[in-house]
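After this come two complexes, each holding chain A, first together with chain B and then together with chain C.
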Partner chain A sequence: MSTTTSTEKARTVVTGIGLCAPNGLGPTAYWKNTLRGQSGIGPITRFDTSKYWSKIAGEVPGFEPAEHLQGRLLPQTDHMTRLALVATDWALWGAGLRSTDVPEYDMAVVTAATAGGYEFGQREMQKLWQQGPDFVSAYQSFAWFYAVNTGQISIRHGMRGPGAVLVTEQAGGLDAVGHARRQLRKGVRMALTGGIDSSLCPWAWVAHQVSGSLSRSNDARKAYLPFDEDANGYVTGEGGAIFVLETADSAAQRYPVRVYGEIAGYAATFDSRVPGREPGLRRAAELALADAGMSTKDIDVVFADAAGTPELDKAEAEAINGLFGPHGVPVTAPKTMTGRLFAGGASLDLASALLSVWDGVIPPTVNIRHPNKDYELDLVLDDPRHQRVRAALVLARGRGGYNSAIVVCEYNR
Partner chain B sequence: MSKPTQLTIDDLKKIMRECAGEDDAVSLEGDILDTSFLDLGYDSLALLETAALVKRQYGVTVSDEDLHGIETPRAFLTKVNSVLAPV
Partner chain C sequence: MSRRAVITGVGAVAPGGIGKKAYWDLLAAGRSATRSITHFDASPYRSRMAAEADFDPVREGLTQQEIRRLDRAAQFAVVAGREAVADSGLTFAKLDPTRLGVALGSAVGCTTSLEREYIVGSDVGNKWEVDQTYAVPHLYDYFTPSSMAAELAYLVGAEGPVNVVSTGCTSGLDSVGYAAELIAEGTADVIVTGGTEAPLSPITVVCFDVIRASSTRNDDPNTACRPFDKTRDGLVLGEGSAIIILEELEHARKRGAHIYAEIAGFASRCNAYHMTGLHPDGKEMAEAINAAMTQAKLESEAIGYINAHGSGTKQNDRHETAAFKRSLGQHAYATPVSGFKSMIGHSLGAIGSLEIVGSLLAIEEGVIPPTANLHEPDPECDLDYVPLVAREAQVDAVLTVGSGFGGFQSAMVLRRVEEAGR
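Right after this comes the complex of A and B.
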């Protein structure tokens, strides 16, 4: 077998997970709280919401940037970049990998972003209009930018292989991982990938409020109810996850190393602009299964996109039932505890899926009191379901017609 | 308020800390007059930021072109002070 063939088929495994979530800082706290059904959604504390009708979100608790990052980085980073840098450090640490262990051009960085450094951008725009151009930080040149996390991670760890950023709204958290896998198959040894978003500042809040789907409820337990008869929109939040992806060969060389699972299949589709056409979500899932060489029988749980609006929930239920049949597979949405985190949300779901496979437990969906029976879904409600998870399907939809799906599975050497 | 008439190395260190931060790896303590900004961990953007703060506090403009030729704190101070107190 030639080298080219082997890299084309190179298996991709996850050996490190770093995350920041509204219900837990770091994978251990997040997973413990998620299995307990503990939500991180609550009143916004980061800015004064008195002038806004929406007042709740999922904020990452207890994050003190100076505890984790050197002073040099603070003037040049937005909050979401700080979260991403710290999550990256944790992912590498968990993988037992130092960036100096791998040749610099053999390491890729692929992240997803939705809003960039919005809070940083707001502050500098205010300086521009209130004080003048001389007061705007030189770091505004990149700190607000969608690609900034990829750049800062690359610089921090001397990773000079392929760098990229994907902007496909919520789907980005999966698309980044799909693209990182592509780079591994082209011959890169390891990649840092995933997405972390945060846009909890007044400027962003104006945009969130006109999105059309933000929940009108400010009751943390009733605002975000995907697949419920009372579904009335979503709650937003901040955070996400960063992964260390390696080729199975690379991981095997470093044995013993913890392999959470394998990225077995990935696919992305677009919705048609033609009215009446079926949305692309089911096709994305089918293609990801085909890419993994699996059938629906192999999937033990689906992590739903869980948009939280009746129309989108119905469409997702139809996509899932179209593949698995009514009540054909456990479906869960732990993001009911975090809110929708944009690109970070799908990455966090992927982290949950990998932890499910690793740990043999499906995390619950919370706050759903009246699941819509017409959807015919086997929702994992309130309590975790302890069972072997050989493979999980993660679904994500991004505003504007993006659909992505990833299949993760147990890794057998 | 009258503008200060001289920029000292201590003033400059304070400005550098304020606008670009400091970390454990590279210290600004001690004699850094002839240490290059790059060796101090301050890249071109950090220097731009430093120049912007000097402009706000001292009213002296160091142009982007001038910055290109300035590699050390001593050269930076010489440039600024030549404008503040022309010899």
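Right after this comes the complex of A and C.
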């Protein structure tokens, strides 16, 4: 298989953002609340947590699926698919694309997943084992599996271009966008991409609790404290972001369309566990910068992965400082207001990065009272920092050794 | 300079035999490995057959810790991965690890382990608030299948891009296509790719039962999967894994590697029609085939063999038959077409990779494996489906296709590679 050099340099821009976050539905509400430092983390309401030691998460509030989706879609979709379908509608709407404008074979769909429609899966598993095979939903075959969001999105909007689904745990929200950009470079005009995730049901909760990564605190202000001396694990959440990507040429032809920014660089690496090897996060960032043709001087903010455990926070601080030097670049983690959203988390960070570039403001990291001085990071704490953001670096890591990085920048025609 | 992705190593865990040789013997003999399910008591289910792999993890060299920790699908991938690594002749420890990646296909991940753990924690479905007391420490790794690609990455020491590609029943084709794209664009020089699936647990069996997609020929399990036959009544599930070492052509030539074939073209399309249904016109699959052929710079006449999806459902048989005609025109009638699922069942996210490996061996051996159990051709399926008996043929290019839930349609062109210097 050979590369097509003519389109290889096609620039990729973002013209639509749709998102569902624990602290805001839609980009406008999310951005306003995020800049105010308003957190969406709180006690779980979706299931009874009395039997579990972990009781808080970032739930998307005020989401009534029936307000947004046809009734026939409800019995066949998990909560996370409903969020994804609605975010997709908003992304297309924001990009000025009606379903009839979607360029059919010229539009790819690439989403990230971690656990599929898990709540749906638990319900059907219970029916199977309690009531018997005849009681299992006819939709189980696809409502649970990892590919569901790409399938449902493509059907809803008649997108017939390349379809893909990537799973790299919490790095997936960047890998999907990287792969969508790859489709554009191969000659596809537009792509619908990103990640939205939710697994707030008891069966998922057991998995989260044994993962060893959840915070032991149930105080929403003290549970998820990345880069803090009291870092003790993370809080989970639901939501994420979906984007309309298109080639710069396509966007120019559709003028006056809003261009949030350009996906200038992307790379992914892996930590092999071979003794003596450097962790791969820094290399992912370096490769993404090289891909963008930029140096660290061009980057005005880093959206950190912010794992929230001392070991991983230290490794990330070392990666950032290795590139930028101590206190060399503003670093932020707005996910302290949402919790970690699995396949959706890195996509939401990418949305924040694009809004930063668009708006000229860096959103804050909240709840950090004792930033670990040894990390030597310039953390943007509590209050937004108003400044021009020419380009932003977004970092993400997935359990097992996955690292991904994306560089977004201002788009100048 | 254009970079080409070639296959230099393969490994297989398949129903009917472990290892590429046993797998090929089964295909070449046209023997079917479908049988009554033995993994669990299938008596409550509508379809009680599957193509099971006789897989003994101890005999295959896995440690007790690996066996406890890894889902059966991950065990398959490790065993097939080790065979592929050995087959490639590559010394992985000497490669630049940053130029080495993994792309693994799987449709349903670690479902078998998840279901087993669910039954324990929920007291056989009695509790909605699943009990955490008995949860195994690696439950989270079953929860998200990226753990399986990570396992292959540890096996070979990969530090480049690592991914699970999960597009349902086309995952095993799409993962290899994804890997080929990474090599072509220059992101990696070697990628361990392929697919794995161990879906034979009640929840997955019931998924196909409730939509009546699976065969009910329970009294005759060995001939139950009958693609392109008018008596066919649905698919038969399978399990297995095929792992493929994909390498940049010059990288492979420099070390004098044995090259099976080149991934000359790959494309996927969404049908945007229905999550489980297929439109009989086969338009989107034809689009995928056309795109893959264009990328391969091949005319229809170059295709010597079509490896069909051939799942054994009426809608699939008609859909892909239409797609072959729509894309290849008259040449579709002159090209042998066969379906491996008649022999090894439908192993969801693994089958695409198993079909690639079988197609590569067809090129190597000059033998086209047949469609088993095809005695009474469906008059609406009027191509040459190589019924029952394998056929000798010199094949230089193969088209292999996949089709799956979610509307995914994928096509790949495998082509014999010319000798160096020509």
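In this text, the second predicted complex is superposed on the first by the 403 of 413 C-alpha atoms of A that agree within 3 Å, B and C clash if a C-alpha of one lies under 4 Å from a C-alpha of the other, contacts with A are read in each partner's own complex, and residues count from 1 in each chain.
Definition applied: a residue touches a chain if its C-beta (ideal position, glycine included) is under 8 Å from a C-beta of that chain, and two chains touch if they have at least 3 such contacts.
As the structure is a computational prediction, the values presented were derived from the model and not from experiment.
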item	value
Chain B versus chain C as contact partner of A:A248, first or second or both or neither	neither
First (chain B), second (chain C), both or neither touched by A:G398	second
Touching partner for A:G71 - first (chain B), second (chain C), both, neither	first
Contacts of A:S137 with chain B and chain C, given as first, second, both or neither	both
Touching partner for A:A29 - first (chain B), second (chain C), both, neither	neither
Chain B or chain C, by number of chain A residues touched	C
Doubly contacted residues of chain A, that is, touched by chain B and again by chain C	76, 134, 136-139, 141
Chain B to chain A touching residues, read off their complex	19-25, 41, 45-46, 48-49, 52, 55-56
Complex contacts: residues of chain C adjacent to chain A	2-5, 44-46, 97-98, 101-102, 107-109, 115, 118-119, 121-122, 124-126, 128-132, 135-137, 139-147, 149-150, 153-154, 157-168, 171, 174, 178, 180-181, 183-187, 202-203, 206-211, 213, 262-276, 284, 287, 295-296, 404-408
Residues of chain A defined as touching chain B within the complex	70-76, 134-139, 141
Partner chain C, residues of chain A touching it in the complex	1-3, 5, 8, 47-48, 50-52, 76, 104-105, 109, 113-116, 118, 121-122, 124-130, 132-134, 136-142, 145-148, 150-152, 154-155, 157-169, 172, 175, 179, 182, 185-186, 199, 202-212, 267-274, 277, 280, 283, 342, 398-402
